[in-house]
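The same subunit A turns up in both complexes below, where it pairs with subunit B and then with subunit C.
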Partner chain A sequence: MDVTEILKSLTGRFPEAISEAIVESEIRARAYVDKDGVKEVCQYLKDSLQFDHLCVVCGVDYIKRNEIEVVYHIASYNHPVVLMLKAILPRENPEIESIVSVYWNSNWYERETYELYGIVFKNHPNLKPLILPEDMLGEWPLRKDYKGFPNKTARNLV
Partner chain B sequence: MEERLEPNEMIIHLGPQHPMQPGPFRLNLRLKGETVVDADIELGYIHKGIEKILENKTYLQGITIVDRICYLVALVNEECFVGCVEKLLDIEPPERSKYIRVILEELTRIQSHLLGIGEFAEFIGFVSMFMYAIRERENVVGLIDMVTGARITHSYLKFGGVRDDLPDGFKEKTLSVLNGLKKEIDNFEQMFHTDRIYRERTVGVGVLTADAAKNLGVSGPVLRATGVPFDIRKNEPYLVYKDLDFKVCTETAGDCFARVQVRLNEIRESIYILEQCLDQIPEGPLFPENSLYGRRTPVMRVPAGEVFHRVEDPRGEMGMYMVSDGSDRPYRVKIRGPYYPTLQALPPLIIGTTVADVASISGSMDGCTSEADR
Partner chain C sequence: MGEVKEQKTSTSDETSVEEVPGVITTTASAISDFLKKTKAQDLINWGRKNSMWFMTQPMGCCGVEMIAMGCAHYDTDRFGIIPRNSPRQADVMLISGYVTKKYLPALKRLWEQMPSPKWVIAIGDCSISGGPFYESYSTVQNIDEIFPIDVFVPGCPPRPEAMLQGFVELQEKIKAKKDLGTEY
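On to the complex of A and B.
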């Protein structure tokens, strides 16, 4: 499937939710997605455009812009195109719809993004820390203003 | 999990330290008699914070850090990291370096699969098989050692090339090791096919259908054992895989037996790739000419941008998403390890089986918890 066709189909179906769709190369494309429309866009990608493989979900903290981006990389088992979808959230109380009901394996990625950035995924079946201990919750260690390791964890050990 | 416990049920914890496991994670099993009713995984026992560390190291220092994601496949991790930076810098290694990288990565694949097969056999009680596999693996690791000077963490790849050329006599030594390995692989296959106890522990155990596997998001031998020919080396060729002749090994059964069979076939295919590479490898420089980047890279700043690069790890699809802000350190690196989704798919697979099969199913995934935790 051709990458320009994919983007054309996507922007045609969601003219409001999808913006700044760019073709980067033959196998890479990117677009910004509205944070309320993520689930519908993913459902459409999976059902109609053969994007049946979620590579990864991650967060990126842009502290200068006071924003956090949630980045979805969605690929396919049939064609080599990888689509990068980005949703922009505010740094205070970021919330976005969970896509576990569409892509089953986003479960752990969303839990990890939650514990590292504090992004709440609404309607997630089991939103609790995955790789960090419970008492690290609220530290959001991958945010750029995280003060570093000893500020909480080491104190409890002494 | 405790609240829902019925009178005839019990919970056992496998791990965090358990001989069945490839690394520390805790598997909580709710059992009814011997049947697993519910399962739950707790991770984080070897979380190293590699993604955060990478943000505070220069790109060159990052190469030594990504080695530690999974010590078994350090060179493939490096390839993914270095590939990302090369895409951002818009440089390409010369042909000879690409071939050397392919040679080393296929050797990595062989040794990782050999250890995977050996460990799996050990988990289900076939301990001497572990010794056979580790003996062969030692020769292959010796070859990697000969080139890079290290057995597991190499720091061998550089931006735009590789650190050193192949040593004298590498081709002859490799070919003799590979010829010995071919015979051993046939022996292993014969053992697996004829051993009645091994077959009873693996055939029809942990069956995954193609649709279920796609839905769970797994990749690598676990997916290919269900008959889906998904391989990044074919789908999205990097280095010189476009010029090499190899096929994607698939099986249709989707059980533990098929997963091991896929690994055995992939070792054969890797040997074939290596033979082609050793034949075709051209002479030439290791780094692009008229370029800043060489064996001693100066302090470097990488242009701002973002890139997602995928390579085929022995366990499946390995990807890295790198954001650069124009400074000498990456702004963000997200590591998408192949074992992470596979481990996530373990609970749905073991629900409904017996406790004895848990070791078999978990072992056939050929795991590396170090990479899942990062």
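On to the complex of A and C.
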């Protein structure tokens, strides 16, 4: 199964949830996914298209567009295609369905995306900060309007 | 509540310094304060400086150098410096990396578990000024305001020889009674 067939199958199955599906090369493809349909799309990818390896979940803050994107990189052990899925969320109240029930390893990725960007993953089994201390919750350090960076409190810099 | 507590402590103080005719009462801290003014403190410090056991608590890449320093090749044992696994047996704490906001409470707890007299050595640029992470949102800056650091060993990471030199400098400070671990 090559990359064009994969995208054709995906857009044919989800004509409304998948948009702007683009083939970048023989091994890379990307698509925008609707934020309500991300779990169904991932389930279809895993069950029917052999995308059984979730590489990473991360976030991007587009402050000028007033949007936050969640980016999923999903790959396969059976064919060489890496698919990048993006979901656009509003910046005020970013909420998206968790995909832990599909890909178990997204658990910690989603926790880290939550603590750094404030994206709430609904129905996540244990949505609490992964690395940051609890009292930094709510500061969302990787958002572009974060005030605490750069930190100028170091006194004895050369 | 606070007032009652204060009263209790004040009464116990009165009983402890109550004068018995013909008997001189004293306390352990009074003996210690007296010894600090005599030559006996030199002997005590000689013992302390030759048995500085450090806590094996690596916090970053400098921790690897710290472990290398404690091993046979650099042989800190010849100075009486031995790595210990428990804070309760250690005399020296090495801050060997950046201190994150999440790790600071654990580090403070380790420091409180160490019995006095105890000393701190800051190793590496990260613990001294933040290193490459000096403007990060999650590291604690100005560690020397939190712990009484005697010796700073710069480097990224410093060589094990440099760390040994830091220990030797601390020994010199203890010998000269200028360390921050004891109040002279």
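Here is the rule we use: the second predicted complex is superposed on the first by the 148 of 158 C-alpha atoms of A that agree within 3 Å, B and C clash if a C-alpha of one lies under 4 Å from a C-alpha of the other, contacts with A are read in each partner's own complex, and residues count from 1 in each chain.
As a working rule, a residue touches a chain if its C-beta (ideal position, glycine included) is under 8 Å from a C-beta of that chain, and two chains touch if they have at least 3 such contacts.
Treat the numbers as computed from the prediction; the structure is a model and nothing was measured.
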{"item": "More subunit A residues in contact - subunit B or subunit C", "value": "B"}
{"item": "First, second, both or neither for A:L132, with subunit B first and subunit C second", "value": "both"}
{"item": "Which of subunit B and subunit C A:P141 touches, first, second, both or neither", "value": "both"}
{"item": "Partner chain in contact with A:D52 - subunit B first, subunit C second, else both or neither", "value": "first"}
{"item": "Contacts of A:I119 with subunit B and subunit C, given as first, second, both or neither", "value": "neither"}
{"item": "First (subunit B), second (subunit C), both or neither touched by A:I96", "value": "neither"}
{"item": "Touching partner for A:I68 - first (subunit B), second (subunit C), both, neither", "value": "neither"}
{"item": "Shared subunit A surface residues [contacts with subunit B and with subunit C]", "value": "131-133, 141"}
{"item": "In the complex, subunit C residues that touch subunit A", "value": "100-102, 128-130, 134-139, 141-142, 144"}
{"item": "Touching residues (chain side subunit A, partner subunit B) in the complex", "value": "27-28, 52-56, 58, 60-61, 71, 73, 77, 80, 82, 84, 103-105, 107-108, 129-133, 141-142"}
{"item": "List of subunit A residues in touch with subunit C within their complex", "value": "131-133, 136, 139, 141, 146, 148-158"}
{"item": "Contacting residues of subunit B [partner subunit A, same complex]", "value": "43-44, 47, 49, 51-52, 214-217, 219, 228, 230, 235-236, 308, 310, 317, 319, 321, 323, 331-332, 334, 336, 340-341, 344-345, 373-374"}
